[in-house]
């Protein structure tokens, strides 16, 4: 029995609330159970220096956590003077995942910066962030379309993410913190709406895992992400 | 006529929502109109080095803004590698204001860190932060009391803050961003529930102001803060 | 009786020595008793990026303390790798105060950087700095005028500053360190030669203060600043 | 045909040269073709603060590149003042991979720091680093064993890593830079000598990849890592 | 003819003014012509971590320049966030030079930090700093002696420094900025009162110099430093 | 007897291995006994901002040490977030030394960055670095010449460096770590092929040294550098 009493292939309650920011061109407050991430997509005129003059745009992401998003207060990264390795790893993952479904030429020479800030954490913040970031990004692109700033299709597909793990020998979907901290293996999957794989990250925390176990996690992830993509579709109706 | 159609002595709609964090010992989401600040109070066992062994506690505050809390996305301070002068000025003000109503000896040798993170900004973030931080701090102390970690009274009074300004020659209460950016003078007042003054900061943005104008702002602030203190009282009933 | 045996409304011995730097376009060594601040005004061709091409200039200030300006040696900020929140707060205040009396359009598209470095501290460094910085700034502008770099009036008025406090229940003017460290309330006032208020900062260190007490400090400040402005006038005869 | 004319399942020429440092307790210069990484394992008496007094040790890794290890000189990270996100991601991966085969209790309360410095890069630096780091770590542990600093078995298994990719539609093993920069998909596999999976990281650079393609890369990786483990065994005979 | 009309072997006007700081245990304002350096010696209870418990003390130095000490305003190092290589090089030199004449065991387990801050620069700041720092250090030790904190002799000798250079083919003593910026060769000498050499640094700015030229500079330095030592002796009478 | 059994005027075994980097335009692995330094010379199109448009080039150097190049592992500077004063001092010395023999106008408006990374340290890393850096720089310039990027002579002479010291009263050449850590005096000499002096740095570690001792070290250095220059000549045959 999982601590949350969920079935092995059951997601937490997921909600995607749009337009939560008065200022951002696109925004989404995503909740995977008690994990809450505020995603805003900001349109910026400038592109990175190495992209200038190439008629292509860029999508980037930044990730942060409020200091008391977690059980113990963490030091504020702005006060520490640098972002941790974990933070940088996560924001690079979010950016790569979003770019996998964006036609950067159709976007034109602008940058969209997606900020994912964890207001409350209970495991799976990076997968929640990717899933919510897609909604914020989509609304930002629609904001541009309404102003004729883009004309061709820019988003090629949905992108969503979920974690899986092996907890007490059983593969389970969408780990919360209680499971995450005891899982033998933890894996994150980022898939498109069409089921294409964009990113896989699997790590054995204790004993190594087998290819068979990995395949079971993959199967759970595919079904979970299909549901997340359905929720994205409903959220933008 | 003010842009928001408010009377000169009228606060924005103010709400104080408690227990918005699963983890923090005390928390409050404060809204002054479209200015939204999440305040969490975290109990920490350690005190600053210079206070060790003195049987006294400490209350400190940190302040931050989500990058897209504002009309234009700002650079994330964690990414810039340091907190701006403005950020440091504000968090020092919040900390001083809270300590003015705390009996640090009654608190015992612990530290309470209050984080004020602006989710959305529309002027007056520091005054909203102080007003909400008091609620989070109060709930943290009550959390301690329920566990017999404090026995004597710790909070000596309420503390709340509001801004005033002179806009087109007229003194007005609780400036929003539209007014703040055009005000000739901007002043922040931090007062206790009993009406004692804890902090006054007044700045002429354009032409200097007179003692008479300052007195008018002070009068507005006193009435505004009295209402904020009433709201704090209702929020903790 | 004050530790320095001064009357409640008595300034410390104040001197303003000009042309103390061989290199700077304007300079002033200001002493408020044992508080000594070296102020230099440097003319720079460049303006901040956000001001370029607007035919307006800028005045900015930086503040520092020699490590042993104080009773205990402090860590050198250049070695610590960052300026403290206090330092940033003070230099922002000096800059704002000076700009309040400068016609930035008449200055033309240049920047004047005023450095205020505390050689020896005995309380009131920021108010001494503002008072001396005005003299350095004035001499820098006259240096420009002698070279036809400015033609219209640039300085609109004098600016000077003084602290007041409530020490053992009595409002007093121009606190030295002995008083500053025991004052219940500490306030800084920045006024123009015409008596207009540019900045007020009042902080209760212990018990909150009343509006009445604040008015008494304001009255002391007005008379003190009038004397400081007279000293500025004599210094530039 | 691969640029290097290798078969799809063919590793580059791999060499593992031990004892390349006069000072380090264990060291290995690993070459995967033109990718050369110097690995040193340093025994340190101290453990991280959060591990003190727990009778357990720690293994950590740091990664760096000489500025001209690559085709274009990169800015030295020590001069830039921080390690890039990529560097941090890689050194966290190396550390996790090594710890997966170390019995930290048998190691005792010491830390082994493994430094992996890329002298010359031609793709696959992180997988070469892990493969060589195991040899350096093993020699460090044997150095301790020769001095009776460890008595029980510390290393539970071999660990080695290799990259795979899909280049022009074909899954291939051990990408060099020419392939890496054109691959549609890039994946890194870290496996134990017994074939257990410790880490999988797969990223679609362009179009998403399928589960079938992923399985093909996994199969290549398993055979490649088996050969790398054989080379490790031969190197320590 | 030298720009300053001095003879080749003539020092600038040198003054050593003691007790220029109200707070420091020892202090000296040293002037070599228009080069003015404020030196303070601060007694600190703590020693560097690597020296703890060894019954020996330490003498260290820090060096800084006010931003407008030079002809063009330089960026404040505290604002830049780090000390330049030049600054670090100079402060390491000052520290080494002072330690060469201190009996660290006789000093006892304390640290003396000597701060050398350049108020105005006209060439030769490091040599002026060393010469003045000796006086500040000496007064700090005498301050300790008056309080029975040291009993044995601590200072073994005088230490003073001067620059030499080859300007338009002629070896000259004590370069000012006008000469320093055109010299073909620039050398700094640090000697004890007894004439022992503690540090030599010679650099060819343009064409290499010969051993003969070096010997001529050495001879100038010896006579110059002998005069500086005499001035130190007179200053402490 | 020296620990290494060398004669007082005997260099360690010195080797200069060229073309050790696949990528760099010039490279040299220099060994002075157990001190091994990898030198790469990288051609870069950009020059420092202050040199732009002047038709002159620049040669600069950076220096680093692998963390376990020394007997005890040192903290990685990239991780510490800054280069130490020692590192900056050394890289400034290498750059100055190389520029002394380069005709910057003949080089044209490009920059050559020479990286000297110590793979293993046993004393004398800076002198080995300078000696090897000349070879890397020379090969970089020849690489340019082969591509008609330079036509006139660029290198004016050889440059090489060696340390000398006084160990137990005896002047000796080319100190290794065992001698360096016990030497009373340590001096570094940088000379051209023609015997001109480019840089002299001598430091008394314990008792001051005499002019006579200095002359003896100078004589040793001249003979040693003559041999190093011969080795450079042989290496580029």
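Order of writing sets the chain letters: A, B, C, D, E and F. Residues in each chain are counted from 1.
The definition used in the following text is that contacts are C-beta pairs under 8 Å (C-beta built on N, C-alpha and C of every residue); 3 or more make two chains touch, one makes a residue touch a chain.
None of these values were measured; they are calculated from a predicted model.
Trainee: Through what angle, between 0 and 180°, must subunit A be rotated so its C-alpha atoms fit those of subunit E, rounded to a multiple of 5?
Mentor: Superposing subunit A on subunit E takes a rotation of 180 degrees, nearest 5.
Trainee: Give the label of the chain whose average Cα location is farthest from that of subunit A.
Mentor: E
Trainee: Interface overlap for subunit C and subunit E, more than half of numbers shared or less than half: same or different?
Mentor: same
Trainee: Just the number, please: Cα centre separation of subunit A and subunit F in whole Å.
Mentor: Centres of subunit A and subunit F (C-alpha means) sit 50 Å apart.
Trainee: How many Å are there between the centre of subunit B and the centre of subunit F, using C-alpha atoms for each centre?
Mentor: Chain centres of subunit B and subunit F, defined by C-alpha means, are spaced 59 Å apart.
Trainee: Residues of subunit E that touch two or more other chains: which are they?
Mentor: 81-82
Trainee: Chain sequence round the ring, subunit B first and subunit C second?
Mentor: B, C, E, F, D, A
Trainee: Inside the complex, what are the residues of subunit D that reach subunit A?
Mentor: Residue positions touching the partner: 82-86, 88-89, 91-92, 96, 100, 187, 191-192, 194, 196-204, 207-211, 214, 218.
Trainee: Which residues of subunit B touch subunit A in their complex?
Mentor: 21-24, 27, 34, 38, 40, 42, 44, 62, 64, 66-71, 73, 76-83, 87, 113, 115, 117, 119-120, 122
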